[in-house]
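For reference, chains read A, B, C, D, E, F, G and H in written order, and residue numbers begin at 1 within each chain.
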């Protein structure tokens, strides 16, 4: 579930920094593709200042359903969205969005109330100040939501680097989630780099 | 409940930064007006260095009762204040103030002890250092207080942007609680801005 | 001269922080009104992502000329702008804008080359990173531009607080340029505040 | 209980900043004097690099017992110290020291295990990095210790500013725990300051 | 248990800072030697960009078993590693590694699930951003892992500075875990330093 | 020359941090006493929100002339002040104040224009943001003012620690300008501290 | 001139942050392509820990000469490099690299000594700490080098957004040098975004 | 010239951070050994709180003359020190010390006044706050001192990595001045690291 990762909202994020958030969101979309996870996307008032869905999400997941909510703040208050999530058949939800304290927190708490296990991906979500992140994290955890982060979500899905997806995962860590990784790759892949 | 948002105390706040706190306090007063929530205001020793109530609160809420406590640190120790809160008829209290670790923490814990559900709005409250915020948050949560933040409080009250109050809420987010929002509005409202 | 203080550009400023910049820009417009200084405003590609002029500038200075540059990066390359500046009759220019390293730096250097004395107001201007601010400041200073800041500009114009404008200046310092000032005013103006 | 507030250890504190810690420790000693609380002080290896007890503590509390532990890391492992604490007759302990993660954490956990209610004063304690503070806070809280801070401890002891001690408390807040308070006092006490 | 402290992974750590992490890892290896604790080391894909085990660990603990995992992300999924841990005969595990949110968190949770008591040493572990540290700490604590830090681990093992190991521990605090300590030692050991 | 070190202005200083500024101002007053330097003090609108002279300055220098300027922003525009400075007979001026960019910068530039050698003590002065400090420093230096700092000013006055004043200077460094120094003194002065 | 932008060196950069540096380096390569500027690239010991040239540079500029220096620290000490620069026929050099204080500073000073006008692009260069950046900037400026930054370099080359290259430049600002710009573009280009 | 790098003074350094300073000082001593540069060391009041010379300097340079100044603040005021410097026969001096604003600044200015070329190594020197560093840097530069940093000093001495000293210099960069470098070395030197 990607909730309200919209171009306008991104420009207001103060915690974490916007570039880190953007890298992790793209990483999450690629993780979903790598593991064949169904993705449900939603936006809120995307013809207003919130802006459209981040173009990099549309580009990565052109076939994922995008529910454009006309007004509901908690995505699960939108019947179409709730149905799309139910249609995935899963009972574990990985949730990220903007803002952590509203779109993510409300949806994650509703997910738990609806019987799902919910993971909130803190570093692929963002909000307006650090105290908002902290209060939201506490509320979500008290409601039964598991706090998580992008790399840990992927690593848990992969389990063993030798399984299918290992190469792809390493690649997207390098290019997106853990940018320090990319400069290291030539040391073991470029012939003239190895003495 | 707005507890001891006084001009002198504001000048000592170190966490969060003073401007962020001030914007959120004004947003809270406007949220109260938008949703018709009764507000009880209190100050402590306001003829001393603590200073008078923030003038922007008085301007926004000229009719709200202001209980000037002569000495009680926990606002619920003041009978007039406790009665004013009881007179609102509500069982859920939204509390913000200066300082987070004393005025907010003591009142929120007393509110829970008196049978109210209490929400402490961390980013509309402030205190002297980050460890004080952290210790107060832990004490309040252990006592049964819900940690919250300004934007999440408002979003929960609104529920759906199409309901009454939606326009006002978007406006006050833009002007106060989430300042990045204001520059985005012309993109969708000014004709010559849209190609 | 206010150069390219546009809503979109504002959202990208990293140095100084956006709120500080916005407060100082509004303060500068009020300073201009207080002292009757002619103001020339310009924007760049304001129907594109740069966005329109900050609405608070339009509101403060509805009668100031706004030259919408169709493409020139250095405002003095635009004949209409250069003429508008010349028409003010002054030989000292106070320049602020976004970004410090392009719009402000290029215009300030051209101003000096054209024989004006130019002051670049660093804290009413903004750019993308601290090294850009630093490099621009060094280039401007080496070209003969005086580095300045909002409060110092105003104080130099006022000279003596007893002259005309002193009250207004104190007020706008309180409300905009130096926000700590506002909480202090009640201590000396509110009767019940003084023991 | 003041545990190992020694001159050498102070010089290694990284969280919180050393000056803030030092001001809060002095405030705690004055709070103890104001409310007549018995204080038990202990040091560890004070003829070695840890250094002697902070001279400002000795100056404030010349008559408090100082147990110089020859080696025990947990102060309650020292029989003389445990007896001195027991001799105070109290069942609530307020604990601060250096370092938060060892001297404070171990003693506070032992205090709870011995049947005391223990408050760890986080901002009058210090340690080597923020993760150490965080881990220690979690361990203490899980063991039943209450996390607290200097100003909240004092405010809870005072309860009402009109009771004995109120003047003294305001004074020591001004001079030590909340330094912003001191500049505000002249506004309400100096005649020519009040218009 | 030292999990994936590898040269490449170290270069990506953002929380805590890399030098602090490196000092604490070396301190942990010396603590293990001082107290004769069995150490099990593991690496992941150490011929790829993750890089080899930190040479300072190999130098300190040349005889410790190093299990080079071919792919398992959770070290306890590797039978050889699980057996090596079991062979130590202990029921308390002290775990540090890179990254906190994957290698440490997964292993620590598996350790608890296998019946061990597990301590995660936060400041001898590192990861890619602060929200990842925070989410991992919450998940570990909720799973029954004790959060800990380098100096507290050592102090708990030592218990009393007069016991065997006290001199060594003070020395390694000085040289590694608490670097401020080293400059203080000459004051009490160098004759001409003492007046 | 101490220019406008007033209680209200202090509360607005953002660069450097207020406590550091306050310690350095007190250190400067003690330096003046130690070396018998004449001090001329001035305040601006001290019955308004700027507030009265910092009480610690009055306490240290009860006999120094205090010129209360009725409105002049540049202190040298006040004839009484200019005369008091001239009456000291010196040709080198050491200047500190609030704010760096107005009171210090204008006075220091006027001092140079009047033929004095002027030293601006940056860390005993303060202002509203870092860009203001930077712009002011550049303007002052271009006008011929020497940039300086509290400890360097004192060290240059002392020259040799064995001369008169050395003991006092070390003491005030310890208690004010360089607070880390105080904890070190017991190592060489307390008998049981020296092994 | 791109000097020693190598994968290993990148991993050590502390000022500015590595991601900002990387974005600006790619922007510079695209700026060179947009304006048809000849580029001379050099690396130092690229089969050792310094690592190979950043792959994103090779990908952008596959035909640019890359001089692999066998040992010379100042690139102009390498005859092949000096010849390649001379062969470009230009007299203005734009220089960026790692590190600012060695590769950039030495080459830029030599360039000036050889009669070129040299621009050092500070935010496309990086080094080990902020004092190193500062010292290098001062040395370069004193030697006659112009300090510059990525966006200002491009804006000066473009001059007018309507000239050839304007579209490309806006695009690469959006995708690389000024990342806030990208989210704004849909507001003026996506039909359903414009009300 | 290493001026007053003493254990007590180190503990007070705030800019740059102490560990960075310490690493660079050791790097400088090793640079001196590598290139056979004569070193003159001096300390001030080393039997008082300033403490003894950093033991790592004594260990690296056991034969370098150490002039223990009895009181002179400017090292060149001490005849023995001035003679020792003259005895080296050099006319270029590389100076580092604590504090930047006194010991380094005064000695470097005197060196220039005595006809030497002086380089002040900013990142191997330290002082009490950033404004002190800034003021000292400006004073030194205006007096003719060249601002420099540890790595640039060494690189200029080496000139070409193939000359004598190149291997040693790379090694000490790795272990001291640029710590990120050490983890990279195994990639090109450990056989099983290279695929």
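Keep this in mind: a residue touches a chain if its C-beta (ideal position, glycine included) is under 8 Å from a C-beta of that chain, and two chains touch if they have at least 3 such contacts.
By chain, UniProt protein names: A, B, C, D, E, F, G, H = Isochorismatase family protein.
Since we're looking at a predicted model, the values are computed, not measured.
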Starting at subunit D, figure out the least number of steps needed to reach subunit G through touching chains. 2
Overlay subunit A and subunit E by their C-alpha atoms and let me know the rotation angle in degrees, rounded to the nearest 5. 90
Using C-alpha centroids, which chain lies at the maximum separation from subunit B? H
Subunit C to subunit E, mean C-alpha position gap in Å, rounds to 53
Mean-CA-position distance for subunit G and subunit A (Å): 33
Rounded to the nearest whole Å, what is the centre-to-centre distance of subunit F and subunit G, using the mean of the C-alpha atoms as each centre? 43
Contacts with two or more other chains, residues of subunit E listed in rising order: 8, 11, 47-48, 51, 180, 184, 187-188, 193, 195
For the complex, give me every residue of subunit C touching subunit G. 8, 11-12, 44-45, 47-49, 51, 70-74, 77, 99, 101-102, 105-106, 127-132, 134-136, 138-139, 142
Applying the document's contact rule, which stretches of subunit B touch subunit G when the two form their complex? 184, 187-189, 193-195
Which residues of subunit C touch subunit B once you look at their complex with the stated criterion? 7-8, 10-11, 18-19, 22, 46-48, 51-52, 54-55, 179-180, 183-184, 186-187, 190, 192-193, 195
For a test of understanding, state which residues of subunit B touch subunit A in their complex under the given definition. 16, 20, 122-123, 133, 137, 141, 146-152, 155-156, 158-163, 166, 174, 177-178, 180-181, 184-185, 187-188
